[in-house]
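Paired with chain B in one complex and with chain C in the other, chain A is shared by the two complexes that follow.
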Partner chain A sequence: MLKKRLFNKKPFAVLIAVAIFWIFVPFIVKSTLRSAFYEFQAPISASASYVRELQNFWAARSKSKSELYEAGKDLAHLNATYELMILENQAMREEISRLESLLGLPSRPEYKYEIARVVTREFNSWWHQLEIRKGSLHGIPMGAPVVFAGGVVGRISEVHQYTSTVELLSNNHLRMAVIIEGDNRPMSFRGAGFRLFRSPIGIAQYVPTDIAVDSSNPPRILTSGMGGVFPAGLHIGHLVSLKPGSSGMFQDGEIRLEPRLSNLTEVAVLISLDEGTAQ
Partner chain B sequence: MNLLSRNRWLIVAICHYVTLFIFSEINYHIAFTGIYILITGMLLTSSSLILSPTQGALSLVPVAFNIDSRIPLPFGSSLIILVGLHFAIALFKSQIQRETDDLAIVTALFANILVHLAYTLFSRAYLGTNGIDPLLISVNAISSSLVVALLYTLYSRSIVDILGILGIHVHQESRHKR
Partner chain C sequence: MNPDNTKKYQSRLWIFYGLLIILLSLLYSGLFYRQLIESESHANREKIQNQRRILTPGPRGNLLDRDGRVLVSNWPKFSAVVFLSDDLVQSAFHNHYRSLVRDYRERGEKIESYSQLRVHSRAMVLQSYLSEVNRLIGRQEEVDASDISRHLYVNPLLPYPIVNNLTASEFAVLLESLPVESPVQVYVSNMRHYPYENAAAHALGYVGQSPLEVKSDMPGNELKTFASKGTYGRNGIEKQFDQVLQGKTGSEIWVVDPSGYQVEPIRQTYPEKGKDITLSIDIDLQLAGESGYDLYKDKGALVAIDINSMEILAMLSRPDYDLNATSPFISNIVFADISERKAWENKAIRGLYPPGSPFKLITAIAGLKAGKIDASTVFECDGAHQIGGRRFPCMGRHGEIDLRTAIEKSCNEYFYRVGLATGVDNLSQEAIYMRLNAPTQVDLPNETRSMLTPSRDWKKSRTGEPWYPGDTANMSIGQGALTVTPLQMAMLAASIAKNQVYSSPTILKQSATQLLRRSPPQPLGLPVDIHKAIVEGMDRVVSPTGTARAAIIEGVSVAGKTGTAQINKAEGNLELAWFIGFAPVDDPQIAIAALVEGQELNQSFGGGTYAAPMARYVLEAYFKKYPEYLDTAKEEAIANVSLP
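Right, the complex of A and B next:
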């Protein structure tokens, strides 16, 4: 009986031995295995994203002609507005380059936009990330900023062949320098996760003591452009509350991020043109 | 023992893959609520209770690698968590006289909570303590436990049925062993 029991425990000893062996496996083997497993299952998640698109297509096909006509009319209005805005932007760009040459200022970094569909959203208790359907084959560089119509989404944390992983703004490991609109003093920003059934949040540190929050018109937080990753002036969120910081010289504040961050279906990756030409 | 029976872990691993895929889609759609359903405990318990210790571990290895390839923790974290818990459940299984559905559900729930705890400890160690919200972790653990409690019996029976279709009669084998 005792012999039989000891024999039954043999597989457990094997499992423990495998676990110990795994700890000593070289890093290069682990990273190759990780990459291989990721690339192996990537088409499955990507296919789910294509199926969702097909679903949307058929949902749109089921709309009536009058609904489509109304949507077309709205789009025509939007197109007219955007055309005007393009003309305005062109005039402003010319004005900026004229002033830059007059004042001898260095030119601003130029970016191209790579639009990508969201494949998976992983917003759990420990990390927040998105998987997008563009990778190294589409020229996505590591660490590139990711934006959408509502401002900053995050930055690229991993690049694979056909897909990339985006570290979200609400992720607590993402930090950057930010400013309050109309105030040039830099502050520190870090993600602070999700409030259940509410929008994602962030934390602002080193907020000057003279800054106050008006709940009816909360101050807008923008990227500062420092650090060279995110271009200056991109929308982050609104500062909703302030409390005295631990040092006593500054304040800490809560930033309400864009609620649409948790519903994203399409994002744009900013690829620096300088980086592109260097490559 | 035929080839299919010897490689039954592969069939179970494929079932786990499909389940993970379905739940990643569910999590995609419920992301706006801040709730995340983690069903790793359910997969782990079904492997541990349906298969032998070695076959169960083999079925969990590809699942653990699949999870590990997508998370920001060091590669192998899920492998250590799943294989370790599988070992504990298999040891527990060897000590009990009679397996019941209720006991299996309790084991699955307990395993799921331990998986939450293990991920929290790993992210604390590798990603830092900032942003770890105990309330959110508790709500997610409760939501996941609810899903596991509702689905575990159905899931494990489905696996047994799939194995049965392929000619592997798990319950008959365990009766013969006794």
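Right, the complex of A and C next:
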């Protein structure tokens, strides 16, 4: 009887033994194992994303000619618009350079863009992050800002050889200095997750007391550029509500982030050309 | 067992049961008493032992000028701080301490003081945090071990600042570069900010730091409380309206562990900002006045008043100081510098000066009211007036001179004669009626009460000597024992402008209702034609032939009176330049008094040369702002002048 009982307890004993063994495993071994896990996992995630893309490709192949024709027309439209915008941007860049040299201002930091496909999206109460299909082999540096057409996505929090992890704006561990459009006083931004069935949100702190929110035209929040990580003027979201802050000198506010953050398929990593890597 | 023994045994057992019941009853009664009757007291004791309260001062209200521009506000003071009670920090302290002890033991060295080692390990840990912050923002700060110990002893729940006064970019760099869970956090407190630096420094005043006032109706009064420092007004408006400006204190109640470190918050009340106050000061006029005194680095004071509302439009006192140097506290260096320059005093309301020639206007009014002269009375000026064995000089030989010209030329002899004819009693009475012997009751703290209008009785009681005619002559031209403040002289100018005696000026912007509630001024008591004669004399003062040519403004008629008074010192005389006036002459809106102190002893310092230009700066700014008060007749006259 006793023998049977002891036999039944065997799995627990093994578990406890493994746990005790794990506690005494040197840190370097644990760290290597963890990295190796990610490196082995990366090809699987990447393959899965390639398969998904293949699925999309075959799904697109099944579309009718008229649908493809319409899509082609839209694409031509978009291309034309982008061509125009490229020309406008070029003209504005030249104007900025001219003004900078005229005013003797230091030139703005230059970045190169590394476009990356999103492999996985993880949204839970602990973290909000994306896995992208570019890593240290593609020159992705730790801490680099990540953007998309709708503004800031987040920043690189982990870099592996073939993949990287992006900490999303809505992640409550992401913090940055932001400004309200047209006002140069820096405020603090921190991710605050998702409201149920609604857009991702963030929390603004140190909002000056003279700032008010007009719900029909909420103030736009942009990166300040002062913190040295994100370039200035990138879109973050809109300030939708305010309440008194704990210091009595500022207000705290809620920022509604881009809804597209939760279903991104492609992002761009900004790699600083000045330092090679972002801080 | 024998039945007797059984019985005996049972009876003993009953006794035992009885005792047991009694003891158990006592035990349960005690338990009942402790658990139910004393439960509240135990709960309170537990609360006092396990809870702490943190108080945060509410920001003070802003001070605004009459157009709503911010004169004094609160500026956030950003600091990089470490919460010493944070688990991470505590564990870092402990680990570092243990490694230090281990090192000592491995080296076989004896540890002199464990407590000192603990202090050292705390400093080392904080220095490591600080080094990271220094690297990020490019500073080279160092921690002070004794300061950390003091902070832990006095305010363990409040954050310990490792870098103060972060700039906006440093704030941004730390926000983006420090992880959210870092032991170093960005913290904000507030400090007073004065965007116009030294403008109206004495009127606005400054604040000092003080223990936070704890009100009896605040939650958690029975708890051990840690409070950030509060502020209190130490001077000027900040002091006078301290109660209004004070914000409402915020409070947080925390559960703490046995070491007194924070575990979780229970209750939080946000601090609230104090009420804003709108002042009557017009910063455009104030800055115009300041620029004049800046130009010549003059000492003195200037007051400008809105005649219709008795609101003070500008008030300056020199030497002055940059109010921002007093915030968040006055350092020893700043205090010593301001004290050495004798810049603390608001000369506009505390400076006592002989009024000099502007007092001749009161001599004239007293003579007119006493019927000793009229507007056409003429006296002969031969350059001096002999009284007994003493010769009282005039500035020139004016010959036959009437009241208007006497005011224009500031003829001493004319007013010696008027004063002597009128008598000291009438002169004193008139000065007292014009409120030169009492504080103006302006709503600013520390207005002097030592102004003096001498009289026969005053001299007798003070010196035991009778009043001599020479004393009357001196008093007639504003010399002798007479002393006034620049604010009183501005009020005198306002009173003459309107032929009424005004009192109680204010530095607060008045609403229409408040203006209606003001008590009406008393009449000056001069018939219109005689009042007009005095004003005409003052108008001529600010003309190409008068003594205040420097106060002429195109398009506006200004009435004024210059003066030069002397303060006798052992080493020599210090001259004072005065100008008082009002404008426009036909419809007075603004009254002004400017005083400039001589910079060196025995230096000639005329009011027309030194004080009138100061007044002109302010008057020009006023009429630039309110062109509707420009004298249209003068404008037309200027426009019609045909050039040769």
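Going forward, the second predicted complex is superposed on the first by the 256 of 279 C-alpha atoms of A that agree within 3 Å, B and C clash if a C-alpha of one lies under 4 Å from a C-alpha of the other, contacts with A are read in each partner's own complex, and residues count from 1 in each chain.
Note that a residue touches a chain if its C-beta (ideal position, glycine included) is under 8 Å from a C-beta of that chain, and two chains touch if they have at least 3 such contacts.
Being a predicted model, the structure only gives us computed values, none of them experimental.
J.: Going by the contact rule stated at the top, is it chain B or chain C that touches a larger number of residues on chain A?
T.: The partner making contact with more of chain A's residues is B.
J.: Report for A:F250: first if it touches chain B alone, second if chain C alone, otherwise both or neither.
T.: In the superposition, A:F250 touches chain C alone.
J.: According to the stated criteria, A:R34 is in contact with first (chain B), second (chain C), both, or neither; which is it?
T.: A:R34 contacts chain B only, not chain C.
J.: Figure out whether A:S136 sits in contact with chain B (first) or chain C (second), or with both, or with neither.
T.: The answer is neither, since A:S136 touches no partner chain.
J.: On the A-aligned overlay, A:I44 touches which partner chain: chain B = first, chain C = second, or both, or neither?
T.: In the superposed model, A:I44 contacts chain B only, not chain C.
J.: Would you sort A:W126 into first (chain B), second (chain C), both or neither based on which partner it touches?
T.: first
J.: In the superposed arrangement, which partner chain does A:A19 touch: chain B (first), chain C (second), both, or neither?
T.: Touch partner of A:A19: chain B, not chain C.
J.: In the superposed arrangement, which partner chain does A:R185 touch: chain B (first), chain C (second), both, or neither?
T.: Only chain C; A:R185 stays clear of chain B.
J.: Counting only touches as set out at the top, which of chain B and chain C does A:V229 meet: first, second, both, neither?
T.: A:V229 sits against chain C, while chain B stays out of touch.
J.: Of the partners chain B and chain C, which touch A:S241 in the superposed model: first, second, both, neither?
T.: So A:S241 meets neither chain B nor chain C here.
J.: Mind sorting out which residues of chain A both chain B and chain C touch, each in its own complex?
T.: Chain A residues touching both partners: 172-173, 190.
J.: For the complex, which residues does chain B have touching chain A?
T.: 17, 21, 24-25, 27-28, 31-36, 38, 52-54, 57, 62, 65-66, 68-72, 74-76, 79-80, 83-84, 86-87, 90-91, 94, 116, 119-120, 123, 127-128, 130-133, 135-137, 139-140
J.: For the complex, which residues does chain A have touching chain B?
T.: Residue list for chain A touching chain B: 8, 11-12, 14-16, 18-19, 22-23, 25, 30-31, 33-35, 37-38, 41, 44-45, 48, 120-127, 129, 131, 157, 165, 171-173, 190-198, 259, 262-263.
J.: Report the residues of chain A in contact with chain C in the complex, numbered from low to high.
T.: 172-177, 185-186, 188, 190, 206, 209, 224, 226-230, 244-250, 279
J.: Spell out the part of chain C that touches chain A in their complex, as residue ranges.
T.: 56-59, 74, 76, 168-169, 171-173, 175-181, 186, 188-190, 247, 250, 268, 270-273
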